[in-house]
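Two complexes are shown next, each including subunit A; its partner changes from subunit B in the first to subunit C in the second.
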Partner chain A sequence: MTTNPISRFFRWFFYRSRGDSPFKTILIHATLIIACVIAVYPVLRVVTISLRPNDTLLTTDLRIIPENATLDNYKEVLFGDAEKNRQSDFFLWIWNSVSVVAVTSVISVILAAISAYAFSRFRFPGRSAGLIFLLTTQMIPAGMLLLPLFIMIAKLKMINTPLGLIIAYAVTSVPLTIWTLKGYYDTIPVDLEEAALIDGASRLTVFTKIILPLSTPALAIAFLFSFMGGWSEYLVARVVLQKNEMFTWPLGIFTFAQQFTVSWGQFAAASVLIAIPIMALFLYSSKWLISGLTLGSVKG
Partner chain B sequence: MASVTFEKVHKKFGDLTIINSLDIEVQDKEFLVLVGPSGCGKTTALRLLAGLEEITGGEIKIGDRLVNDVAPKDRDIAMVFQSYALYPHLSVYDNMAFGLKLRKTPKEEIKRRVSEAADILGIQDLLQRKPRQLSGGQRQRVAVGRAIVREPKVFLFDEPLSNLDAKLRVQMRAEISKLHQRLQTTFIYVTHDQTEAMTMASRIAVINKGDLQQLDTPQNLYDHPNNLFVAGFIGSPSMNFFPAKIVKSGNSMIVDTEDFKVQIPDSLSGPYKNMEGKSVVFGIRPENIHDPEFAPNNIHGEKVASKVDVTELMGNETLLYLVSGKNTYVGRVDPRSKLRVGSQTQFIFDMDKFHIFDAETEKAIR
Partner chain C sequence: MESDNFLRRNLPNILWIAAIVSIYFVLSSLIAPFSDGITLSSKIIGERLQEIGGFLFAILGGLAIIEIYFYQIFFRQPLNRTATIVTRAIQVAMGLLTFTFIIYFFNLTDLIKLGDSAIGKFVNMPVNSFANLQKSLISSKVATKDSAKMVAGIIFALGILVLYAIIQFASKPRNSRVGLAYLLIMPAFIGVLFLIIYPFLFEIKLAFSNASLGTQATKNAQYSLLFGWENLKMLFTGTVAKDAKFFEVFWRTILWTVINVTFHVLGGMGLAILLNRPLKFKGFYRTLLVIPWAIPTTIAAMALRSEFDSRYGLFNILLGNLNTWLTTVSQNTANIIGIGNGFAWLAATIGPVSWKQDPFWAFVSVLLANIWLGIPFMSVIILGGLQSISQEYYEAAEIDGATRWQQFRNITLPLLRPVLTPAIILGVVWTFNKFDIIYLITQGGPQEKTDILVSSMYKAAFQFYRYGFTAMFALVIFAILFIFTLFYLRVSDGLKSATE
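Right, the complex of A and B next:
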């Protein structure tokens, strides 16, 4: 045992006997802080750019709220530019996105809720093969599906229609949703269904009166995931939609970048505006997310 | 109200035969208990009757109606599950009303029946709660209540008390018996607990490995078990068994276990007269073994020298674990007994109450 204060300090710093040593604590926190900065910095940068007047775009200033901050970019994104005689399509894009993604999510949750029930409760030929197949579809990168999806939708004569995009999104989100919901159904005791069957319910009644009400957290999560998946999707939308008035917002904001001069300021402002509702949705649904993480807690 | 008939009922899971030709006839208004060790197929039999499993052979009838292919909801039965299976998202009231609502019973009628059942079970105050806000005993009552309101022809219970503590179990046992008297309906009750079976049943069906061993009143099962399995299963502590041979000595028949010999009373020896040399299993219940000091004197007592290995004082009786040669057995003797561990004495076997089983077929010889 040394009593030298410096060596005592080192002993405490590296080997504190109870709890984590200060060294470990600092290491953990430093890692977390760096990770946060890496995640948050680009987002802050986007905000900064959106607030800059257009003539200072290329400045190397690192402040988050720039000098002469202005909301001009936002105004232009939202309401167009009367001087240049340009109308804003922003609300149209948002509306297109919302309607496509909401309909997609509703369809895929309904489809998945029903098929996941079959996968969870019935034993039929091809059941496990089917489940594995569904999982395999998730392993193929989206880019590789692009051409087949395009051909399929072209054959259906749905290029340039919202319905075409809805189908394209639904086929990609249904498999994962089925897996999510099947996992949840598996935790609901079969006894409950059998009790209901004896009580006088048909299979369909069991499903609507027992299974669905008990699954609301999982259904909400499935809806949310499916919504998030479609909300910021670019590639597939690019291929399916070609007319400006059909554009979802990820396509729309690139019109800012397709003119001779790239309007980075407006591009950034549009991005920020779009992020706000999705963040709100996330915060609002976080209670479902949390209850969804403790899924197994339904008891008989 | 209805009788229930199992006729040559057969059930396989895949290639595994769980129930092999089960014949049971349950009479109208009877309290029949299916009892047997874990995994013997009791639950399976009940689920076949409820329609939750498909029958692979034979016939099940409720009343005169063949129900082999009838959906569970159309069998007019109610079932109380071991897990209670209350619907977690519905209040107690809605749990009980669920089946009635599905059957489009008028609202007023539902209200009347639920409140009546709640009265019987003493759960009036709990009607607005959710199942997770109830104790185990309360959940159990709600599960029973859900069955009662339906007013079914047959009630099925699958080990409804096994999740309760010992005291509550005794209390609920009495309440279910009372309920049976009050409702005057056929009850079929599954348990692996022979005490539950003995105390509640009008008749007991003992099942082992998917085969019916014996179907009789509790007292008859206890006094006249058909075979070794029933003899060992019914009664606690279990009957003592000794491998033995029947021998003849003069005019009397003797049971010879090599460690001791006991004489069969002449009045009971008829069935064994020409069995000389036969290998048998000799059985006697613990309460028919007496401390010589307190043995009643109007019995055909036979002396068996044994040593006390362990004593268990229960207050109203004393259990002695005894050793005689290579045999160990249990005696349930008078609590005043002064015998202690290590004591050696001539215990008295009451030979008016013995059992003899064929060593090969395990069937009772009487």
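Right, the complex of A and C next:
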């Protein structure tokens, strides 16, 4: 009827609201926008700090893009500090983190993919005890086993090696992954396998040819879970790794804060560089992550 | 044709690899060769890959040996009497060997102390002979120093494989109903045994010791029930880390857990209900709202720590601005009785806060940070639950004339229960144990007034090196959590569905 663009916009905007009055719709949008600002603003502040020139790091300015914005901090983080004649450790940290966390995730996904199948499909003595035990391990604080693990790792001469950290991370990641994958296997209909078994396929063929291909998304989720669990871990890594060249990135960026003059600019730049890919990955995969979470915890 | 096909199929992968390699070369040419510090080089990468590869290879080899052992027990049947004797003899010998390895491991990590006794020597025998084999390999120039371990390992594995081959030839297949299941869970079972059961046993042992920095951890530590009693007494009457007492920290932990979980659930529920309505820009809001969950915790904690700075932090800037505004308003409204005084009172009360020095505000600061971090997770879980509730229930309720609140109470909440129950129980346990935020933001300060149980324990172990005490502390924390879980499971009947 009306061709007025503003009124058209309003009609579009309020179109699907289920019997809500316009006032209420606006109220809901306002609440959500405030929530979004609270969620995003502290993160944007990190970007702001990373863009500030070094002489105006300490300011009470609240703008998102600061005055005289520069990329100097990024340059220093990535390519080293010419003034202090110091090379950049950034890629080393990333490599240390990736190598430790990726190996942990691969080990736990492989172990879990195999054993979760047994828990899901076979009935054997000790099965429910095993499942309850796995659930109980979720109650154990990671910090609780840290001391004996630390002593064990020290006795095995694995302090300051990636292997020690891999062992420490596997403690939390293996049970969680088994639990997640078992939940997913339970949702795959048994009929498929039974048909294949009747046709003469062995259990092994069934597992590799039917179950594994069908559960690729769940395997990816489990991998992501355990990857994200270890990726930004600080406290365990601090205990196991003490040498600079072994540092994972959380330890690494913490050195920026511990230096004599706190290098907030470099800290922020390094944070942004690390956070962008991982956040992109997270947001991209969040839909599946959520389904994985509910599978593991709700459906059992 | 074949090669053409291959190229076409793998072109994207090849391009990816080429892109990564070229990025690597561009970056490595850009990185200036300064003298100080270490930069990632292909040498470091190669060494790391070798180290991890060797580790994985050893694990795989060990697992394969164990798997074949149990495969033969479950699925092979000896042909005749002599075969039975030989087979069982080999299997018992292998079992004994494994057993000595386990005892050796216990001895190595000080779970048990054998010293130079006869048993100790016997237990050390396999490992010593392995070391001797390495030495002879080096002296006979078969292997270099670096590869000796691997070559010796391969020889060792080959020897075992020969034994397996003997059993294999002297047996016929048989059926086993549960064998495959056990074979499948074996690797994870061994992993859990090594990673969880063993450390747990070790912790119990440690709890009854006087291990500390003075005893060089477990090297010279002594074990007795008396030490356990001392540790326990120390825990409840003495200080848990350096300044704080147990019950003070305990109540703070309860407060920490209750406040966090309450706000997570309420905030998450509120956002989820709003997002579950038909709305424009829903996807956009949802993406922005999960950002606190998506950002790595370490980064978020460090960023928030700088925001709690007394002069340059966001919170004090905002509070300062609010204070200035309130002051001006109170001056402008000074003539109006009541309002003017009210604003003057507000201006005097609300203002910048010393987040770092004041224990109360320090605790508020870690709470704020953790609530901010935790709400998105809950809201996403609850949103998932809400979306699975059929719209028909609400339509039917509306026809019957139920109000919104009645719909929420009688439809939404009961149907959310299967989602909410595990989410809350896990939320409580996670929050109870989650101290990285506290550690990174306040380090438990000032004077350990923001420590919770787990962070005190971490400090006791790795700042004050009170190992025996920490082990007892950990057991007490575990007992608290265990009682909570049992209680909750009894109330909510939660495990039944999980193990069906």
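Methods note: the second predicted complex is superposed on the first by the 251 of 300 C-alpha atoms of A that agree within 3 Å, B and C clash if a C-alpha of one lies under 4 Å from a C-alpha of the other, contacts with A are read in each partner's own complex, and residues count from 1 in each chain.
As a working rule, a contact is a pair of C-beta atoms (placed from the backbone, for glycine too) under 8 Å apart; a residue touches a chain by one contact, two chains touch by 3 or more.
These figures come from a predicted structure and were not determined experimentally.
After superposition onto subunit A, partners subunit B and subunit C are found to sit side by side with no clash.
Shared-chain residue A:Phe254: touches subunit C; no touch with subunit B. Touched residues of subunit A, counted separately for subunit B and subunit C, are more numerous for C. In the superposition on chain A, contact of A:Ile210 is made with subunit B only, not with subunit C. When both complexes are overlaid on chain A, the residue A:Pro189 reaches subunit B alone and has no touch with subunit C.
Contact with neither subunit B nor subunit C is seen for A:Val101 once the two complexes are overlaid on the shared chain. Contact with subunit B, but none with subunit C, is seen for A:Leu197 once the two complexes are overlaid on the shared chain. Taking the two complexes aligned on chain A, the least Cα distance separating subunit B from subunit C is 7 Å.
In the superposition on chain A, the residues of subunit A contacted by subunit B and by subunit C overlap at 298, 300. Those residues of subunit A that touch subunit C in the shared complex are 12-13, 15-18, 20, 25, 28-29, 31-33, 35-36, 38-43, 45-46, 49, 58-60, 62, 78-82, 84-89, 91-92, 94-96, 99, 103, 107, 111-112, 114-115, 117-119, 122, 124-125, 127-128, 130-152, 154-156, 161-163, 166-167, 170-171, 174-175, 178, 203, 231-235, 238-239, 244-245, 250, 253-254, 257, 264, 267-268, 271, 274-275, 278-279, 282-283, 286, 290-291, 293-294, 297-298, 300. Per the touch definition, subunit C reaches subunit A in the complex via residues 27, 30-40, 44-45, 48-49, 51-52, 55-56, 59, 108-110, 178, 180-182, 184-189, 191-192, 195-196, 198-200, 202-203, 206, 217-218, 271, 274-275, 277-281, 285, 287-300, 302-307, 311-312, 314, 317, 320, 372, 376, 380-381, 384-385, 418-419, 422-423, 426, 429, 432-433, 435-436, 439-440, 454, 457-458, 461-462, 467, 470-471, 474, 477-478, 481-482, 485, 495, 497-500. Here subunit B touches subunit A in the complex through residues 50-52, 71-73, 75, 77-79, 81, 83-89, 98-99, 102-103, 132, 146, 150, going by the rule given at the top. By the touch rule above, subunit A contacts subunit B in their complex via residues 189, 191-192, 194-202, 205, 209-210, 213-214, 298-300.
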